[in-house]
Amino acid sequence: MTDETKAQLEEAIVNLIKEFTNKKRFKPGDIVKEMEMKFSVNGVTKDDVKAAIRDLTDSGRLIYGYAGGSFLSLPE
Amino acid sequence: MPDVSGTKRITDVGPHDYHDFLHPVIKNNYGKWKYHEILSPAHMVHVSETGDKIYSVRVGSPRLVSGSFIRDLCDLADKYSGGYLRFTTRNNVEFLLDKEENIEPLMNDIKKLNLPLGGIGNVVANIVHTQGWIHCHTAASDASGVTKALMDDLYEYYTDAKLPAKVRIAFACCLNMCGAVHCSDIAVLGIHRRPPKLLPDKIMNLCEIPSTIASCPTNAIRPDTYNGKPSVKIIEEACVFCGNCFTVCSGMPLSDPLNDGVSIWVGGKVSNARTKPSFSKLAVPYLENDPPRWPKVVEAVKTILDAYKNGAEKGERVGEWIERIGWPKFFNITGFKFTKYHIDDFRLGEATMNYSAQVRQ
Amino acid sequence: MSKKHQTPLLDELKKGKWPSFVTEIERAAEKSEMTDDLLGQVEQSYKEKMGHWKHGGMVGVKGYGGGIVGRFSDLPEKYPGVKEFHTVRINQPSGFFYTSDILRKIVDVGDKHASSLYNFHGSTGDIQILGVKTSELETIFQQLVSFGFDLGGSGSALRTPSCCVGMARCEFANYDAMNMCYNITQAFQDEMHRPIFNYKFKFKFSGCGNDCTASIARADLSVIGTWKDNIRIDQDMVKEYAKKINLHKYVTGKCPTKCMSYDETGLKIDDSNCSKCMHCINVMPKALRPGVKGGVTILLGSKAPMVSGPRLSMVLVPFYDVAEDAKNGYQWFKDLIGKIWEFWDEYGVSRERVGELIQRVGIGNFLEAIGLEPLPEMVSSPRGNPFVLYEEYVEADGEKN
Amino acid sequence: MSKKHQTPLLDELKKGKWPSFVTEIERAAEKSEMTDDLLGQVEQSYKEKMGHWKHGGMVGVKGYGGGIVGRFSDLPEKYPGVKEFHTVRINQPSGFFYTSDILRKIVDVGDKHASSLYNFHGSTGDIQILGVKTSELETIFQQLVSFGFDLGGSGSALRTPSCCVGMARCEFANYDAMNMCYNITQAFQDEMHRPIFNYKFKFKFSGCGNDCTASIARADLSVIGTWKDNIRIDQDMVKEYAKKINLHKYVTGKCPTKCMSYDETGLKIDDSNCSKCMHCINVMPKALRPGVKGGVTILLGSKAPMVSGPRLSMVLVPFYDVAEDAKNGYQWFKDLIGKIWEFWDEYGVSRERVGELIQRVGIGNFLEAIGLEPLPEMVSSPRGNPFVLYEEYVEADGEKN
Amino acid sequence: MPDVSGTKRITDVGPHDYHDFLHPVIKNNYGKWKYHEILSPAHMVHVSETGDKIYSVRVGSPRLVSGSFIRDLCDLADKYSGGYLRFTTRNNVEFLLDKEENIEPLMNDIKKLNLPLGGIGNVVANIVHTQGWIHCHTAASDASGVTKALMDDLYEYYTDAKLPAKVRIAFACCLNMCGAVHCSDIAVLGIHRRPPKLLPDKIMNLCEIPSTIASCPTNAIRPDTYNGKPSVKIIEEACVFCGNCFTVCSGMPLSDPLNDGVSIWVGGKVSNARTKPSFSKLAVPYLENDPPRWPKVVEAVKTILDAYKNGAEKGERVGEWIERIGWPKFFNITGFKFTKYHIDDFRLGEATMNYSAQVRQ
């Protein structure tokens, strides 16, 4: 995966979560499935998406939440 | 918060390597133990093929402990066991000694701390319990309180081996059963008896409707709208008050001081010894919450324990004893009333009926 | 320090012989200001017969999705000390072994940065520090890491694995449960700290069928020691036991497969029929020992009742030669787990534990997907109903499907 | 008479020691023309490996909705003799007892007006006359009635009840199964001949737990003999058996409740723990007999697999004092059946057997509706899951619900 | 048809009063029997408290019999048993004699008729079977043929008591299981393996759509339209070939000579003696129809019987024997392959898994 794709991927993840704020709680697994589909032409794999999520959470752009199950969200 | 900018945060170190915490005798005899002998309800010895011995002294703990409690243990360990100790899977403390002569002084010091010595062999084991009103938002009863009330009353059963086999009691404060309730000799379970109250605004803002609907074991939650927005309604006749909806949706609280309480379960088992592992079965459907000491709960547990002690054969677990004498006799001896609630009407309930003419008359 | 709140109900629980959690909370309150308000709020719960905590929400340390259970009081004005009262789960060492040094280090952290209250241990196996404010989480985490401890699991992730004392202090252990637990936990750190599963997933490792970790009832993946060869018998010691115990009634008579017999000539066991239940060995530990060809039975799926009822784990791999695989860093086992998780990821839905999923899609299909053979050891009996979904058939042109 | 069809495959089945149904069909063909074509059609089935019958449709005698199973060949041109080949079900006498006179009367009817083929008996218990043309049905019915026989059940109706030989020739019978079967069948003639149920309903009466009618597997309502008092023991005879059999292994050791013991002083039974399984009595019929306070356990719901899987009957009434009730013409029992049918009528759906219905609506609700108490004898164990639908609760004003 | 106009038709006479058919000795000793003794696999005596005795001589029957067969029996009864006889619940014939000296001549006459003497005690009992291709429209195999082939081969097991306990074999030609298949020691069951073929015109004219849909155990039948009229379609992947739809709707035939056949089941039991009644369990998922003698089916049944005979303890039924040695060993000894089909995936299948670490290694 190129750095460019990686940046796009991370952007797409954040945007998706932003778009559905208060509508849907994205479980990390949902994100993986969504992004694998969205970036299939770029050959993005499950591990790529996981790495992107890790980047986003390590940097604090996304945080984890819990409500009976874990989900990703924007920092409060 | 320390400034970590510029430095890479260290993560994923995982659990500490256990080797650093093993007593030298244990290190040397790891995997070589030959047999053990229970010397008293509070201590046992394990003997190695090499002839080495390790003594374990077991002490009861309330599990919810202060830093000072841990420091007390550390001081004792330093004094008698070279600083080595462990906890058991049921939250007892075990001091590991290689010197037999240290056992008695250690025990004396433990007594001075008013800690119980026991828990080994055919005793009432320490109660596996949960958070309750101390820390959990879904608790229908309190874990630490019921546990304390029970263990006060059953104290001699912990310190002396008076029973046909070990009796494992568990408590959980709600149907999530964080622990051992579903497979214990005797279990106490916090329960609700009224459906969730719907807080439509909270539901609208905080809850995912599909996962809320999916959370219900009896399909009692149905889609609805509130101010034109997706919401839920409840078919109250179908609700079994499990609280799973509240776990995923904070807009559906169930607590109701008038109707919350506990149920009592018996005959579960985890080990594979003799009989297969089995679930705890309903004995008493409901007893009210009666803090601080829940006397009716203590009495019900005592009733079961007495009946078991009087009726069971040596080595027979509670469930094995009941299976041998039959459930009708269990209800008869304990005086608990058998009701329609005892008949399993859930998913696999059919499998629990008596499909035979084998009936004691 | 004087008590802030009157607690007549809780004070009742300071009486009695069993060590009192109330006393412990009071001792903790001596160290930590926030803890006094815990007494107040819990007293109110005792009075009103209901809890006063709210849902947890978004609490954690940076980069991790688990290890912290967020908790907020619903009476923060009245009890400001417990406004934020989170729990930090710390992954315990295998077998719950400690030295006094390391324990003091742990409580130094909690006494300074939290309520000075702990669970030794949580039901899953973690050490728990109760009563942590959001602002203290990172500090506590950093300090734990500094002496080689890490957080445990929570949320939709791998949960903290645990094991029995095993070979460290038990003659019944058929494999090195503590080592396997440590190795597997280290191998799956990512799955533990960064929730990616549909729901929680638990491992428990027990050295023998006594299952002192209750793995068969409380782990999605239960690893239970067993053996392939014969029970080792010391006939002289059997005779000693015979003097004290009615072996017919209490040993051979209770053998689930009735594969033992005892008479003047000694104890005989038809080991091909022994189901490794441990009973006879439990009763006569000085006379009997498990065989030397130790291994493991792998079972799958146990859990608490939500949503479809409680489950015990069922046999997935009757015998796994763990000693052999340990030489390869448990690679076969890790691959198997990988396949299970992949299947779960592919076919499971949110908040569906692996045991529930397998039941829903059918065990046969699951086995095919993860590449295991169906075996009679997996069932207590074959099907008793005729609704078989045959997949093979013959076409009119003689072609087989 | 020469054979109309070549039957090389069926001829194979005339060989061998067991009496041959093919030979029987040939013997019948000597009496009845239509039967020759049966041989032809069945031979074709053997060749093609498939049947050649069509659904039954609307066949019966006037006023009755059952007792006849209509059957038509799907090759009527080729085998005109079996164009119509219905079965007449005749309600057998209790215990399947006959005299040669009455049997001859029955076969006189079938030999003259049908194929001369019979089942002694159908699986439900009826005598069956096979191969009846529609035009012969009324004649056969009239003739049967003329010597006191009537049709049995079919369709959505009460099916022909049956019973074991019971007190007529069995020392194990705990009640008069033959009498009860006769009485109940006579009482419910209307339900038998005029289908008004959702689906079939079967009774079977067995004199003891050996259940020689297989009632627990094949009757919606199973009536199985039991007793309330002690097993009668002839200790001298026990000693005789002890010379031939290892009582520990084969008698006391197999007792399901382990309530027996045997030593020099004789056989001891803790009758309060005896579940009346019959085993010990079966093995030593000269030494042991059931008690004298005979009665019945009533069980409910067994059936074949369609639609929700096979079922055995479950305990409904642990002990019914049938001897007492027999004095009132089994009125209590008939009332109970009435309540069950009423509930089934009210809540059941089409083609739903009573066992399936009860499972669907919940046993607790069913018991309430028919006025029976829930009892621990009904379950093998109480519920193991916490999903209890509590109906009682307290209102804020202290009112109890 | 006789003219019944003007006269009242007699109906509802019910079954004939059995008293008229009871042997005088039976009448006199009704309810007074004290014990019985099995004198040979073909005859037994029941002794009354009065000292009276009744001898029963048991004879095998193919169940599907001609009028001539019945007349033969009647002649024998007249000659030896005062005309009294009965049938058993497994379709054997029993002559009831009060004269011991009549037993041998009766048996000789029975032998002359080439009828089997036996069926009492530890034998293979007469096979409970069904209609098959002789009379039923849903048969996937033939009942009389398989039964005859089996009994020819097992003849000595019927006439001599060579087994650890009685073995009850059942046959049913389709999943309706008209008889004892679901609870027999050994059972043979006719099965289909292809979904129904849809005959839309027949479905439209002859079938009730809702009840057709409701008939499916796996919900594989869904509503559809055909020429604008209500009809059904089938989700083939979900069909378990049970034939229940064909029972209610003649427009959905399943017969398929290429794929129909039988499955073999073991270990069921009805009596309450020792162990509770239990269902037969799947042993061999499929064997093809191979008329006239179904050799593979006979061989499979023989395999089970031999293994049982060699392995079981005295008095142990087939299912009890298997439970004692364990299913893995059963499959191992018989050489039958264990497949995914053996794992119960139907409604209550979960209850049949091995939830224990009790595993023979």
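Letters A, B, C, D and E mark the chains as written, and numbering starts fresh at 1 in each.
Convention: a contact is a pair of C-beta atoms (placed from the backbone, for glycine too) under 8 Å apart; a residue touches a chain by one contact, two chains touch by 3 or more.
These numbers were taken from a predicted model, which means no experiment stands behind them.
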Chains touching both chain C and chain E: B, D
Of A-C and B-C, whichever chain pair has more C-beta contact pairs: B-C
Intercentroid distance (Cα basis), chain D paired with chain C, Å: 50
For chain B paired with chain C, centre-to-centre distance based on mean C-alpha positions, whole Å: 13
Whole-Å gap separating chain B and chain D, where each centre is the average of the chain's CA atoms: 48
Chain A-chain B separation of Cα centroids, rounded to whole Å: 38
Contacts with 2+ other chains: residues of chain D: 209, 211, 216, 224, 256, 275-277, 305, 309-310, 312, 384-387
Junction residues of chain B - those touching two or more other chains: 9, 175, 177, 182, 211, 215, 217, 242, 244, 247-248, 250, 268, 272, 276-279, 346-348, 350, 355-358
Overlap residues in chain A, where contacts from two or more other chains coincide: 58, 67-69
Pairs of chains in contact (touch as defined earlier), listed by label: A-B, A-C, B-C, B-D, B-E, C-D, C-E, D-E
Chain B to chain D touching residues, read off their complex: 175, 177, 182, 189, 191, 193-194, 217-218, 238-242, 258-259, 263, 267-268, 278-283, 285-286, 323-331, 338-347, 349-350, 352-361
Chain A partner contacts - residues on chain C that touch it in the complex: 55-58, 60, 62-66, 70, 154-157, 190, 194-199, 345, 350-351
Interfacial residue positions of chain E with respect to chain D in the complex: 1-2, 4, 9-18, 20-22, 26, 30-31, 33-37, 46, 54, 56, 60-71, 73-75, 77-78, 83-89, 91, 93, 96, 114-116, 128, 130, 132-139, 142, 144-145, 147-149, 151-153, 155, 158, 175-180, 182-183, 211, 214-217, 242, 244, 247-248, 250, 255-257, 260, 268, 270-277, 279, 289, 291-293, 313-315, 346-348
Chain C - residues contacting chain B, complex: 9-10, 12-13, 15-22, 24-25, 27-28, 30-31, 38, 42, 45-56, 62-64, 69, 71, 85, 87, 91-104, 106-108, 110-111, 116-121, 123, 130, 135, 138-139, 142, 145, 147-150, 160, 162, 164-165, 167-171, 173, 176, 178, 182, 185-186, 189-190, 193, 209-214, 216-218, 224, 249-250, 254-256, 275-279, 282-283, 285-286, 289, 304-310, 312, 349-351
Residue ranges of chain A touching chain B (in the complex, touch as defined): 22, 24-25, 58, 67-69
